[in-house]
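I have a structure I would like to understand better, so I am pasting it below and will then ask my questions one at a time.
As written, the chain order gives the labels A, B and C, with residue 1 at the start of each chain.
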Amino acid sequence: MNRSARRRIHRALWLVPLVTLHLVLLFPGFFAPYDFAEQNRDFPFRPPARLRFVDANGAFHLRPFVYALKVDDVSSVVQEDTSRVFPLRFFINGSRYSVLGPWNARLHLFGVESPGRLWLFGTDDFGRDLFSRILFGGRISVFAGILGAAIALLAGASLGVIAGFYGRGADAAFMRLVELFLALPWLYLLLAVRAVLPLRVRTVDAFLLLVAVTGLIGWARPARLVRGIVLSARERGFVLAARSMCASDWYILRRHILPQTYATLLTTAVLLVPQFILAEVTLSFLGLGVSEPIPSWGNLLAQLQSYRVLTSYWWMYLPAAILVMLFLLYHRASSALEKRATRVSL
Amino acid sequence: MVRTGQRLLHSLLLLAGVSLFSFALLSVAPGNFFDELRLNPQISPKTVASLEQQYGVNRSLPVRYAHWLGSIANGSLGYSLLYRCDVGSLVLPRARNTLLLTTVATLLAWAFALVWGILEALHRGKWLDRLGGVCTSLLLAIPDLLLGLMLLVLAVRAGSVFAFRAYLGSGGTAASEASAGLGSRLFLPVLALTLGILPVLVRHVRSAMIVALDAPFVDAARAHGISASRVICRHALPAALNSLLSLLGFSIGGLLSMSLITEVILGWPGLGPLVLEAMFARDTYVVMAAVMLSAAFLIAGNLLADILTYWNDPRIRVVSA
Amino acid sequence: MRTEQQTPSPPQGPLLSVRHLTLRYARQGWLRKKTAAVTAFQDISLGLFPGKVLALTGASGSGKSSLARCILCLEQPESGQILYRGQDLLALSRAARLPLLRDFAIVFQDSAAALNPAFSVEDILAEPFLIQQRGISAAERRRASCDALAQVDLSRQILSNSPFELSGGQRQRVAIARALLLHPKILILDEALSALDLSTQGQIANLLLDLKERNGLSYIYITHDLAMASALADDVIELSAGRVVRSGPAATFTANLQAGPQALLVRSAASDTVPDPETSWTSNRW
C-alpha cells in the first residue's frame, strides 16, 4: 500500500468510532447487559462494578469476574459476597428486548449469570444499570437528532429549491418566512413550539414529538443555503444549454441543479445532527421531552440537578462524557468534510 | 442613509411579524392556565368560568392580540396569571439581570478571544496554535448544559457552594443585596457563559486575522520595510477587525437569549427560569413578553451587524462624500 | 434595408423569418420606484435562407445574444413574429412548439460553462436524447454519440473524459457534436469562435463550413469579429443599440465599413491603439 493511500486511511480513522457508536446505539438491547427499566431497589447508587482477575483465595482467573452484592442484615451495608465468582461471559442470554419492531431476542453481547450483576457504570437511585440506560437513552437521543435533522433538511431543501428555482413571488414569500424563523432565538422557538403541543405526552409519542419539533425549528438555515445554490446554479451555462434543448424544469432540477446541492446538504447534515441531539437533550433535561421510565441522555443528566447526586456519585456524570465524545466526533467529521470541500472546489 | 432607513423599516416589520407569529403559536397551545384549577375538586367550575371571564381568556384571537398591543403601549406587557401582576414589572427586572450576566460574559469573551485569536494567527501552525485548537474543539463539543453542570460540580468541590445556595434562597432582585456578594454570585454563571461563547469567537478572530495577514497589502507593507509589529497593528489588525464587525452585531443580538440554560442550572434569576415556569403554567403573556424581547434583541443585533459592515465599507463613504 | 431586396432571391423563401421583433426587460424592485424598461432590441427583421450563413454583428450589448435566445423561445418578446415552416413560433403553445424547435440548436461562446463539469462527455452527448425522450436505447445513443464525435474529428476515447480535461478547441467540438445529435436544420453560433485562439478558430471555422455542406445546415453566426463574419457568412446584419443599422451580403458589407460605429471596431481591430471615443465617435456619427 503506497504512502498516500495509507495517509488517507489514517486521516479517516476517526470515522470508525463514529460509525461504531451509532451501530451500538442502534441495537442497545444486544450491547447492553440489562433492560433499562430493570430495577434493583436494594442497590441504589452503586459504583461501577470492579472486574477482578484475582479472587479472595489468591487464585488467578483468566476470565475477569465480579462478585455478587449482598446487603448485610445488621448494618445495612452493601458488601461483596466473595464466596462465589461470576465470570464475564460473551453472547449470553438475558432479558428480552425487541430488535427493530416486533422481533424479540434474548442474546446479549456480554454479561454475567445472575445473581451476579455486571454494572459497568454503576446504578442509579432505583438500582437500574446505568450502562444499559445510557445505551437505550442514546438510541432515543441520537436518533431523534438524526431524524429531526433529516426532516429539517428535507423540508428546508424542498422549500429552498422551489424558492430559488421559481423566484419572484415564491422567493419573496420564502425569504420573509425564513427571516421570521431566524429572528427567533433558537431555544425560545424550541420552547414555544414545544409549548404548542400537550405538555404531558405518552412516552411513545414523545419521540415522534421531539423529532417533529426539532424538524420544524431547523429548516430555515439549510433552506436559505439551498436557495442560494439553486439561484446561482440556475444561471449556469449548462442549464441554459439544456433549456435550449427544450428541457423541462423537472429535468433541469434533477440532472443539473440538485446534484450541486448534495455536498452542502451533507456538510449541513453533519453540522445539524449534534445541534438537534442537543435540542432533544435540553428538552428532556427540562422535563419537556422523554420522561421516566424511558431513558434519554437528557433525563439521565437531569438527575445531576440533585445536590446529593452531584457531589457523591461521580459515575452519574458518564452520560455527559459520552455526549461530549459524540460531539467531538461529529465536529471532526464536519471539519474533515469542510477540508474536502475546499480541496475539491477549485 | 436611505438604505439604513430601509433596513430599519424592514426590521420593524419583522418584529411585528414575529409578534403575530408567536402570539398565534402560543394561542394554539392546548390547555390554559386554568386547567390546573379545574382539576382541583374544591374549586367549582362556575368559579373557574367566572375567573376566565374576568381575565378575558375566552375572547377571540384578534381581540386578545389588539389588547396585548395596547398593553405594550402603556408598558404593562399583559397580565401574568401566575404572579398576579403586570408582566412588565415581572419581566423587565429579570431581563436586566440577564443582560448584566450576558454583557459581562460577552465582554470578557471578546477580550479573551481577540487576544487569543490574534496570538494563534500570529503563531499559525506552531504549538501555541495547535494547543489552542485542541482547547477550542473541546470547548465547542461541550454544550452549555454540561458547562453549567461541570462548573457546579467544581464549585461544590471547592466549597463555594454556600455562596450560591444562600443566593438561591433570596429572590435576587433587590439591589441592596450587597454588590460584594454579587461578584461571587456572578462568578459561576459568567464563567460558564464565557466558556460557552469563547470557542466560536476565537475561531472567527483567528481566521479573520489569518485572512488579513495573507492579504497582498501586508506583503506590500513588509516589502516597504515597515516593521512587523507596525504592519500587524496598523495594517492587518484593522482589516481583521472590519470583518469581525458583523460577528459583533450577532453577539449583541444574542444578549437576551444565550443564557437560558445556564441561568436555569446555576440559579441566576434571569429571564430563563421565569420563561420556563411560565411555560409549565401556561402563563401565556409572560412567555410572549420574553420571546418578543429576545427576538427584538436578535433583530436589532442583525440590523446592527448589517449597518456596521455597510457603513464601514470605504467604498460607501467615498460615494457619499 | 431588408436582406431579401439586396441578394438575388433564391428559388425558395427564407427558412426562418423574423419580423419586427421587440424585446424589453422591465425592472421593478420591491418598495423601490419603478425604473424604466430596458430595451434589448427593437423592430428587428431578418431572414435565414437554407444552406446560408447569416451573420449578426455589433458591439456587445447591442442585443445579439438576446435575439438568439428569443429565436429559441427562451425569452418572450413584446411583439413580433418568428416564422418557421410557415408557423409563428411565438403564437404556438409550448407543446406545439417542441417538434419545431427540434430543428434548432445552439453553440455558446463559453464551452466550459455550457458543459456540466460533473458529467463525462458521454453523459453530455446523451443529454439531447434524454431530454427529448426519444426512447432510444443506450447502445443506440452510444452509436449516435460516436458518429457525432467522428463528424467533429474527435476520437471516441474522449467519451470517458470530463470537460475540464479537454482543451478549449476540443470542448467546443464536443459542444458542436452535442448540437448536431438530433439532426437540426438551423444552428445558432453565439460567439462560438470568440473564446478560442486564432489557429483553433480557423480549424473550427473550417469544420463548421464542412458540416454545413455535409448536413445541409443553415447558420446564424453571432459575432463581433468582422473578419470572421465576412469570411464565413453569406449575409450580414449589423445591430447597434438594439436596432438594425445595416444589412447586406458579406461582400458588399466589408466595403462599407469606413463609416458608422463599426468603423470604431475596425480601426481598433486593425491598429494597436484604442481610438479615443470622444474624438473618433463624433466625427463618424451617422
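Keep in mind that, in the parts below, a contact is a pair of C-beta atoms (placed from the backbone, for glycine too) under 8 Å apart; a residue touches a chain by one contact, two chains touch by 3 or more.
Everything numeric here is computed off the predicted structure, so don't read it as measured data.
Engineer: Determine which two chains are connected by the greatest number of contacting C-beta pairs.
Structural biologist: A-B
Engineer: In terms of CA centroid distance, which chain is the most far removed from chain B?
Structural biologist: C
Engineer: Centroid from C-alpha atoms only, then distance chain A to chain C, rounded to Å. What do you get?
Structural biologist: From the centre of chain A to the centre of chain C is 56 Å.
Engineer: Measure off the straight-line distance from the CA centroid of chain A to the CA centroid of chain B, and report it in whole Å.
Structural biologist: Going by mean C-alpha positions, chain A sits 27 Å from chain B.
Engineer: Write out the stretch or stretches of chain A touching chain B in their complex.
Structural biologist: 176, 179-180, 183-188, 191-193, 195-199, 278, 281-282, 285-286, 301, 304-305, 307, 310-311, 317, 320, 323-324, 327-328, 331
Engineer: Any idea which chain C residues touch chain A in the complex?
Structural biologist: 30, 72, 74, 98, 101-102, 104-106, 108, 110, 112-116, 118, 127-128, 130-132, 175, 178
Engineer: Quick one: in the complex, what on chain A touches chain C?
Structural biologist: 172, 236-238, 240-248, 251, 255-256, 259
Engineer: Would you mind writing out the residues of chain B in touch with chain A in their complex?
Structural biologist: Interface residues on the chain B side: 14-15, 17-18, 21-22, 25-26, 28-31, 137-138, 140-143, 145-146, 149-150, 152-153, 156-157, 161, 254, 256-258, 260-261, 264-265, 275-276, 279-280, 282, 287, 290-291, 294-295, 298-299, 302.
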